[in-house]
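Below are two complexes that have subunit A in common, paired first with subunit B and then with subunit C.
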Partner chain A sequence: MDIGLDIFLQVMVWGLYAGCIYILLATGLNLIFGVMKVVNFAHGQLLMIGAYVTFSFFVLTGFNPYVLLAASIPILIVIGVSIERLCFRPILGTGKLNEIFISIGLIYILENVAAMIWSDEWKVIQSPFEAITVTIGSMKIPVDYLIIIVTTVVILVGLYLFLKKSRLGLAVRATSQNRKAAMLVGINVERMDMLSFGIGAGLAGAAGTLWVVSGQVFNPYMGSVPAVKAFAIVIIGGLGSIPGAIIGGLILGIAENFTVFTIGGAWKDAVAFLILIIVLIIKPTGLFGEEAE
Partner chain B sequence: MMEKNRVVLYLTIAALVCAVLFPLVTGLNVYYLTVLIIMVIFIIFASAWNFLTYSGQGSLGHAAFFGIGGYISTLIAVKSGLTPYLTIFIGGAAAAAVGLFIGIICVRMKEWFLAMVTFGFAVIIQVLVASQFSSVTGGWDGVAAPPLISNTVPNYLVYEYYSILLIAVMVILLFRTILNSKIGLAFSAIRENELEARAAGIDPVRYKLLAFMVSAYFAGLAGALEIHYLGYVTPEIFGVDISFWPIIYSISGGLGTLAGPIIGTIVITLLWDGLQSLGLTYGRFIIIGVILVLVVIFLPRGLVSLPEEIKKRAPKWKVRFNKLLSK
Partner chain C sequence: MLVQGDDESTREGGQKAVSRMITQDNVDMLVGGFSSAVVSAHQSIVAEHNVPYIITGASTPVITRRTDVNTSYMFHHAPTTDDSGSQTTLFIDNVIRPAINAKFGYPQDRPLKLAVLYQDSPYGKGHLEAIKNTIANNSLKINLVSQETFKMGESDFRTALTSIKSSDPDVVYVAAFLNEQIPIETQAMRDVDLKKIFIAIEPNDDPDFYKGVGKYGEYSIIQSRFSPYTVPKGPTEAAYKKFVTDFDKKFGGFPGMMGVATYEGVYIGAKAVENAGTANKTAVKEAIANLQMPQIVEAMQGQAISFSKDFRESKFDLTMEQLVWDPTVNETRPKIVSPANLKESDFVLPDWYVPAKA
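And then the complex of A and B:
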């Protein structure tokens, strides 16, 4: 198949935009894993809640949905902190599979609470900028894609500055590197757990808002597909590695869009899994993963 | 210890007698029979899932094997005209083959990876079966599956129930035999400490793959039974729900015990049907979710450990109760 340079670039931009939502999810997962050594399997459901929060505020206030990031992120942070406090803290350090079981309970609770509040019909909203496209060279890019990419970059830069420059961020990184040593130097590791879970949930909330803004449909049970892709990214990039999540997200977003363009849309969701398997066969710890203990 | 074994034996026999007599006592009531059949099928499914955890592994996507068993058995039964009582074993074998493939990829991984890969696999296979292979699988409409016993036979449900019950008993006896053998010992060695197991000359990869295949085989068998009983199969069989039920049953009953999945399936199914008759559509999922979270936190060894826990805590309660009285 002959693909010209302009089409190639176009698909790259689509991939970048698609990757952004996955990156936000996967970064949150990795942050939580880094600090707590826990995988939150209900992470896709947090995205779903973020999408519905955005939807509700949009219907109520009519604000520009991008502004509603200011609602979805704090609300999801509160939800995340409560989940950590109520469900994950009691089982920290117990059986290896317990966090997975807790997550399943959470998936049931979150999905069906959402279905009770918002009904289980598919919903969609229109972005105010839907009709606007930007022409760069021969490419036509919807302005929404650009805003989503920029928003994601801003959020990630913010997270980077927080982790690298602030004392609290330093404490988070210390806990992530060595929990016991962090405890010894007087870091309240349980507070770090709460903080990282809150930030992770907030990132999922932001991903939910972006999901809604980009005009994708959602219902209470939609969380598992983006979650599976986030897991794939986490494995591709390496568990606990935030740069890995970003690169993995870009790889997946671009690969998905090339698949749609060349083989067909039906394979879009399968490609994540294929990449995942290839990476696992070549490098089981992921591209940027720490060696397993 | 001997005493306890005898109690367990009596309880098992009593449970079996109940399972055999129940349809007869209720006058072959069709509603009870359907509930019982689904229950016994899910006992096989949950036991198969639970078998995997003996080797320290966990799967979040057993619906993949359940569904593959169902689809392969159906397709072969339709094409060849063989009785489903034979094709279910072929369905199980297909599931085991796929299980081997998944197992090879993730057997060296930590439990999180295995859970993620299996979870993802079930989601992806649903998409593939619904769209890519729709010429064979009928897409989202599914295919009709031949029944285990033709519904022209009088009381066919009764025969189906007893045959499925027989299969379930044999499967659980087989699991018991495996787990009491050297293989079971190797499983628990790997589960407790993989490094030490390797030092003792146990090859963890081989045993983990074996556990994965056996588990996938019987999950596929259960799936095939379910599909032939229902009479049709759609890609919804790969749904997240189907992956989660055996986990919920096993955990609430008691992980890593033979009785756990059985007790869990019975209790949760009855609770589920009870909640349904109360008209709670979303509420029942929420209640099940809350129960799961509470069990993991407060009763990590499941309902099986309830008598023990009560015995352990009873003296404390007694003291407290007496204090209350003396006030």
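And then the complex of A and C:
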């Protein structure tokens, strides 16, 4: 297939956009896993709730949906903290099977609650900037996608600064690296669990808002596919590695879109697992994963 | 007595519901079945128990043409992808192609470049096959320049649309469901700047489509069998209006094409039982096979409901509508542009339309 530079760049932009959503989702998932060693299968449903929170505030207030990140992130943090306190903390350490079934149960509960509140009809809203495009060469890129990419970068830089420069972030990292040692030096690891779950959910909420702003349709059952992709990214990048989630998300977003362009859309979902298999064969711990102790 | 079963829009859900209705509720007849994939999965259960089944939702013709399952008790009361795809392709050749060639000064015999974006399912593949067969069987001057596919439930079509744009088509034919059609048209116009005529297929003619697609749907074409916003003139007009009004009074909202087809399916079943004089399954099956009854709400070919002898399919009169912006409701509304006897207005090529290079 003959791919001109314009087309190549256009597909690259779509890949970066998809990568942004995946990165936010996978980073949150990885943060939760890194600290709590819990795999939250209901993480995609948190994205879905983020989308509905944005939708509801948009309909009620008419605010710019980007501004509504200020609503979706805190609300999802509160929801995440509640889920950690009510669902995961009581069963932490009682066996992986309990964690798995709790999170699978959460998928159905969150989907049904969302369907009850917002109905199961597909919803869509449009960004106030939908008519604005930026011309790069002979390519027109809607400004929304540039805002989404920049917003993701800002959120990730914020997360990086929090984890690297703040005492609380240091405590989160310490808990992630060695839970027992963290406890021995006086870190309240349960508070770190709560914090990491809250931040992870907040990132999913941000992904939900950006999903909505880009004009994507959504309904209560839309979270599962992005969640599966996020899990693949977590494994590709390395369990617990945030840089791994970022690189994995970019790789997957771009690879998926070039797959659609060259082979066809039927292969889009398969490519995630093809990459996953290749990475695991070459480096079983993932791109940035470390050997287990 | 009415027994209800929810297929949960899944193959497994359909199998469970049909098994329960046949083996526990001992139903004499089944009416309904949405989605070709879901219906295909439970047909063997129906065949095993020889229960007359009036299928009002699935659109693939394979439903009553497959040979691995005995489908002799199954009757297809929905436009098939063959019917739908054929009519739409002929419309493209008869109406859109001449309009493009005339407006842009192209030779009359210039072939139209058609791109197809279809769901990777029996429904989508059925449309693609119908398009190809119609072009071949009628020697139409249509060149397929792009065939892009997507998984059911996909919401990001930007790259597929970019690929279509690079193939430089005149028209984009989309075989998708409502939740896919809305982002396809939106992303094509908004994100990919694909200024082409888009064609949607009849399951999309629903109030949610007009609401969701907004101004991006303007001038696109939608094939219809039962529209929420325009009533074809003719013998079914009064029944059509009455059904919509009665449904709204009783249940609130618009019934949709699934609602009307299933409503008709119940009447077809009742008429067959009346003709048979018994609820015996074999007798009812024979009665449906030999049925001749006046059309009810939807316009049927020959103004009557009957099932073909070969594949037990009823034949619908479908309309082609073009979406026109209505500032009073801030949404588009459909105008029938084909067939000629029902036409409300002529097909229009918008000023922003960019044809493929000659």
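Assume the second predicted complex is superposed on the first by the 292 of 293 C-alpha atoms of A that agree within 3 Å, B and C clash if a C-alpha of one lies under 4 Å from a C-alpha of the other, contacts with A are read in each partner's own complex, and residues count from 1 in each chain.
Heads up, the rule we're going with is that a contact is a pair of C-beta atoms (placed from the backbone, for glycine too) under 8 Å apart; a residue touches a chain by one contact, two chains touch by 3 or more.
Note that the structure is a prediction, hence the values are computed from the model and not measured.
Once the two complexes are overlaid through subunit A, subunit B and subunit C clash, as defined at the top of the document.
Looking at the shared chain after the overlay, A:216 reaches subunit C, while subunit B stays out of its contact range.
When the two structures are aligned on the shared chain, A:160 is found in touch with neither subunit B nor subunit C. Comparing subunit B with subunit C, the partner in contact with more residues of subunit A is B. In the superposed model, A:7 lies in contact with subunit C only, and not with subunit B.
Shared-chain residue A:104: touches subunit B; no touch with subunit C. Looking at the shared chain after the overlay, A:261 reaches subunit C, while subunit B stays out of its contact range. When the two structures are aligned on the shared chain, A:142 is found in touch with subunit C, with no touch to subunit B. When both complexes are overlaid on chain A, the residue A:126 reaches subunit C alone and has no touch with subunit B.
In the three-chain superposition, subunit B clashes with subunit C only at 117-125, the remaining stretches of 81-89, 99-107, 117-125 or 153-161 being clear.
Once the two complexes are overlaid on chain A, the subunit A residues touched by subunit B in the first and by subunit C in the second are 225, 266, 269.
Within the complex formed with subunit A, the subunit C residues making contact are 120, 148-151, 153-156, 158-160, 162-163, 166, 178-179, 182-183, 186-187, 190-193, 208, 212, 214. Residues 33, 39, 41, 87, 90-91, 94-98, 100-102, 104-109, 111-113, 115-116, 221, 224-225, 228, 231-232, 234-235, 239, 266-267, 269-270, 272-273, 276-277, 280-281, 284, 292 of subunit A are the ones touching subunit B in the complex. Of all the residues in subunit B, the ones that touch subunit A in their complex are 53, 56, 58, 60, 105-106, 108-113, 115-117, 119-121, 123-124, 127-128, 131-132, 240, 244, 247-248, 251, 282-283, 285-286, 288-293, 296-297, 300.
Of all residues in subunit A, only 3-4, 7, 10-11, 14-15, 17-18, 121-122, 124, 126, 130, 133, 140, 142, 145, 215-219, 222, 225, 257-258, 260-261, 264-266, 268-269 touch subunit C in the complex they form.
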